[in-house]
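One structure below.
Each chain gets a letter, A, B, C and D, in the order it is written, and its residues are counted from 1.
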Amino acid sequence: MKLTPSAAGVFPIAPTPFAPDGAIDWASVDRLFDFYARIGSDGVTVLGIMGEAPKLEPQESLAIVKRAVTIMGGKPIVVGVSAPGFAAMRALAREAMEAGAAGVMIAPPNTLRTDDQIVTYYAQAADAIGADVPFVVQDYPLITSVVMTPGVIRRIATDNANCVMLKAEDWPGLEKISMLRKWQAEGALKPMSILVANGGLFLDFEMERGADGSNTGYAFPEMLIDVVRWSKSGERDRAHDLFDAHLPLLRYEQQPGAGLAVRKYVLMKRGILAHDTQRKPGAGLTATAKAEVDFLLQRLARVDKRAVV
Amino acid sequence: MKLTPSAAGVFPIAPTPFAPDGAIDWASVDRLFDFYARIGSDGVTVLGIMGEAPKLEPQESLAIVKRAVTIMGGKPIVVGVSAPGFAAMRALAREAMEAGAAGVMIAPPNTLRTDDQIVTYYAQAADAIGADVPFVVQDYPLITSVVMTPGVIRRIATDNANCVMLKAEDWPGLEKISMLRKWQAEGALKPMSILVANGGLFLDFEMERGADGSNTGYAFPEMLIDVVRWSKSGERDRAHDLFDAHLPLLRYEQQPGAGLAVRKYVLMKRGILAHDTQRKPGAGLTATAKAEVDFLLQRLARVDKRAVV
Amino acid sequence: MKLTPSAAGVFPIAPTPFAPDGAIDWASVDRLFDFYARIGSDGVTVLGIMGEAPKLEPQESLAIVKRAVTIMGGKPIVVGVSAPGFAAMRALAREAMEAGAAGVMIAPPNTLRTDDQIVTYYAQAADAIGADVPFVVQDYPLITSVVMTPGVIRRIATDNANCVMLKAEDWPGLEKISMLRKWQAEGALKPMSILVANGGLFLDFEMERGADGSNTGYAFPEMLIDVVRWSKSGERDRAHDLFDAHLPLLRYEQQPGAGLAVRKYVLMKRGILAHDTQRKPGAGLTATAKAEVDFLLQRLARVDKRAVV
Amino acid sequence: MKLTPSAAGVFPIAPTPFAPDGAIDWASVDRLFDFYARIGSDGVTVLGIMGEAPKLEPQESLAIVKRAVTIMGGKPIVVGVSAPGFAAMRALAREAMEAGAAGVMIAPPNTLRTDDQIVTYYAQAADAIGADVPFVVQDYPLITSVVMTPGVIRRIATDNANCVMLKAEDWPGLEKISMLRKWQAEGALKPMSILVANGGLFLDFEMERGADGSNTGYAFPEMLIDVVRWSKSGERDRAHDLFDAHLPLLRYEQQPGAGLAVRKYVLMKRGILAHDTQRKPGAGLTATAKAEVDFLLQRLARVDKRAVV
């Protein structure tokens, strides 16, 4: 089953669980994917930026894909294959697809500047992975420094039949989503899925602008699922109420660099990960920061019982 | 009265009001400074990044300083003097001080990379403006691309007696504030004021980490004042409750590039600005975006009556 | 007399001469412009990046324009008006034109990324200076970090009737010149002058690719004039022989950041500037570096008697 | 035999030869290393930026190391191991050393900004590869965007006993070399080798500033060897004469992005590579560019018979 332009819903960005000695914590890997499946995720993305992918050995990366495929049985698994060279990108993409992945995600290298450079890069990447592998364009200028206009995204989508999804995490990004949806409504852009991310900071309005769902890694993916569902069903205030209740913590987790430590700490407190370890090099949380997260969880728990940990 | 290391409280970042034809809207200028004074601001910062300073003629800049000095009578006025050359920086700094300003704010040019480059730049800037002019270091890497470690900030503070304040808007920035406060407690860093900004996104915890106040331009500075006061008086939950109620709108206003349009739109709806015009070049809000802000205001008004507009 | 698309030949980039106390050295200013006129320059560009423009007061900038106009009588004077805001850009452009300048030069701010951002910026700049002011696009990614494709340059030229010249200093840049000339030959790009720069490092081949001349500040502009002339007259080896003889020194002068000190030092040794002072902040040459330049001059003097200083 | 701080002379940066179908051209690989050995190279660096390392499969990378070790028998082989993650860096470093390499070279990722970030990165990298693996710091801000002060280089050298060499290719870089050598003379910096690169553009003066040799990939490494030897033996004019004769071509080869195509084209014309192919994605030379290189070779051949091709 391959990723298609009609993909929708919530695809959590999976962190990679490690044991204190830096080895992959496979029990937590299994528990994590089981958790994603159980709460009703529509798929999962592994080996993304927040999955500490560059710290993994090739065989570790592939093993994680296989666990996701096995445990989330039938749900589409998207695999981050961004790499400084097309050889490594191609190798992981081919192996991941053979292992049962549904598609791959590609972020642009931060040296790209002009529109043509970006379009050419994706053409080369699409050629490297092969026309039979569906791919997701990751538009995340805050991290990649690469700025894609809506027109560039359209060129990439038009040039490459296997481009099926946009991971939209430009910031600000609301008008970009509206523009792409307008073009699709006018027939000026082919159908493609738009899942939103950037830590979820604008999920509430992004859904109302026409996003198909969420593709981020917030430690309470259940909230993402609820908000996406209620937004689609028109329960506007209900969606905003839950989103707003989570926003103080979500904002805390969205801090560049520090966010992953928060995410793993909360997932550990929730019993999903056994440890909040990051493989070296990775920063941890100070005692003060942990106390701040604990405080935010306590406040959240007054509204959302899932935050009782 | 000059800015001192004991400056504290809320110094709003003032936008510059324009009429639809691009001229400065002096009636709104006066109303804005009067508003800041009336709600209990402890000072104000004019001609910052969000003040559209580079779009102003030199005589316009000086006239704004003079209005602030006149209307906010006795409250310290800080003037953004960042410029690509020291000639312009010096000229504005000297003129502003003669007009009654309390100090100036300097952001680093985005070409600086190494620690020494940053430290040297501030030494040159301090020399250019003169030892009698107190200055604020603006630490805002999201916008300037210049990354200052706590150690670099300490070197700048130590080298320049007239460095009296840090505008702290690194992101994440909580641990940096803690580190600087620790050094001050240990006598390893001279006394200097730390006001926080970055749109106010972490004001709640920044105050708890030891910040002296806020130096941002959120369209409800009354909230900043309340949160700073309650945080200092130990009313923790009260501070967080109000902050959290504002967070959905505050987050919407903190969007890079788009935020100023939101801020001016809300200030206009509040009757403080007559227009939400930005001088060219400047982006406006789409009808959809305005409706989103209106929706956020309505939701906020359920908790904070000041948001009834 | 305004700058036109048929401008050609050598327009030296003028440094700004300073006395040791940092004041403008007007005697050297006059001697410099007289020198440029006497050797047969076709025009001059003042207040460029190498003219230390951001260190000048507005009235100093204007005074330099006036001296150039007076002394170089009738030759076109191009004025760098790049500024962080359009107010300052417009003010200098209008004043310079009133003082007799032929046109202005605009470099893009280093925050621009996408094709559309660059095109929009030049549209706004062209609007700010006014349709009656001819302007030069400066394409210098090594310094500005802004990368313009040939297509972007074409869009700027097409959108703005007053865009009459390209200062081509991309690196590498040979194929870009060939592409633009090809488009012009095909009628796909309007006539516009292309003068080349980047320190002159590729002047030899740039002329053969179709450049109209040189727009750089090498301390022996006579060499630029000779190479441009001989290249146009088909004396290929003669042009390369002289160029190659100068290349060791030219390369030494083209060092980013350090190059201006070399340029001023050589111009001082040649008796054109009284001092090699840069206004603060500016780096000087170490004794070792001066000895290296002296050595290069001695070697050059074996071939080009103008280097006997 | 491991790389030591006394390494000196010329270590060419080896390109990776490919056949027209993109496969590694092993016959050319062997011929290339044999050529390097025959002309008297003191070592070789493989898998650097100009070796198209990111386009290689892991097993290809290792096979190239093994060929270099076998053919250059006893000469130190340095292996570029820069990677986005420490897992891949460690894996290649360990395998290369087991295969007989003398040490590894590490360039910093272009996200590093502050002094501390750079120092920390090298500490982590040194830890990842292991204390028994000597490493080279690559200081190449033109490509990496990472600016290292002399003080940062000293901190890296001091913190890591296995840091034995600097590949110095800052631009400008002459004063940096002088500073490091001064510190070493004063005992303020441990002994470490300094080989210079940046395409060789300043080899003449870099040797006179105290460099130990050259570590670049110019298509006539014999010139590098001669200049290094004559500079060390005090034959100053002889060294400069040969360097200057090569400078027009060397400058042409040093163009960012385009330089590798020139290098491979010349090596092909010299009969060392069978093809000038770059593995995808890679730019080739236009017919005009090839004619320009041919012209430069003809002019060079008048002085250096090795350029008769």
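In this text, a residue touches a chain if its C-beta (ideal position, glycine included) is under 8 Å from a C-beta of that chain, and two chains touch if they have at least 3 such contacts.
Keep in mind it's a predicted model, so treat the numbers as computed, not measured.
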item	value
Chain pair, B-C or A-C, that carries the greater number of C-beta contacts	B-C
Interface residue identity across copies subunit A, subunit B - same or different by half	same
Euclidean distance of C-alpha centroids - subunit B vs subunit C, Å	39
Gap in Å, rounded to a whole number, between the CA centres of subunit B and subunit A	34
Centroid spacing, where centroids are CA-atom means, of subunit A and subunit C in whole angstrom	48
Junction residues of subunit D, two or more chains touched	none
Residue ranges of subunit A touching subunit C (in the complex, touch as defined)	113-117, 146-149, 151-152
Residue numbers on subunit B that touch subunit C, as the complex places them	53-58, 60, 83-88, 91, 110-111, 120-121, 124, 127-128, 280-281
In the complex with subunit B, residue positions of subunit A that touch it	171-172, 174-175, 178, 201-202, 204-205, 208-209, 237, 240, 243-244, 247-248, 251-252, 255-258, 286, 288-289, 292, 299
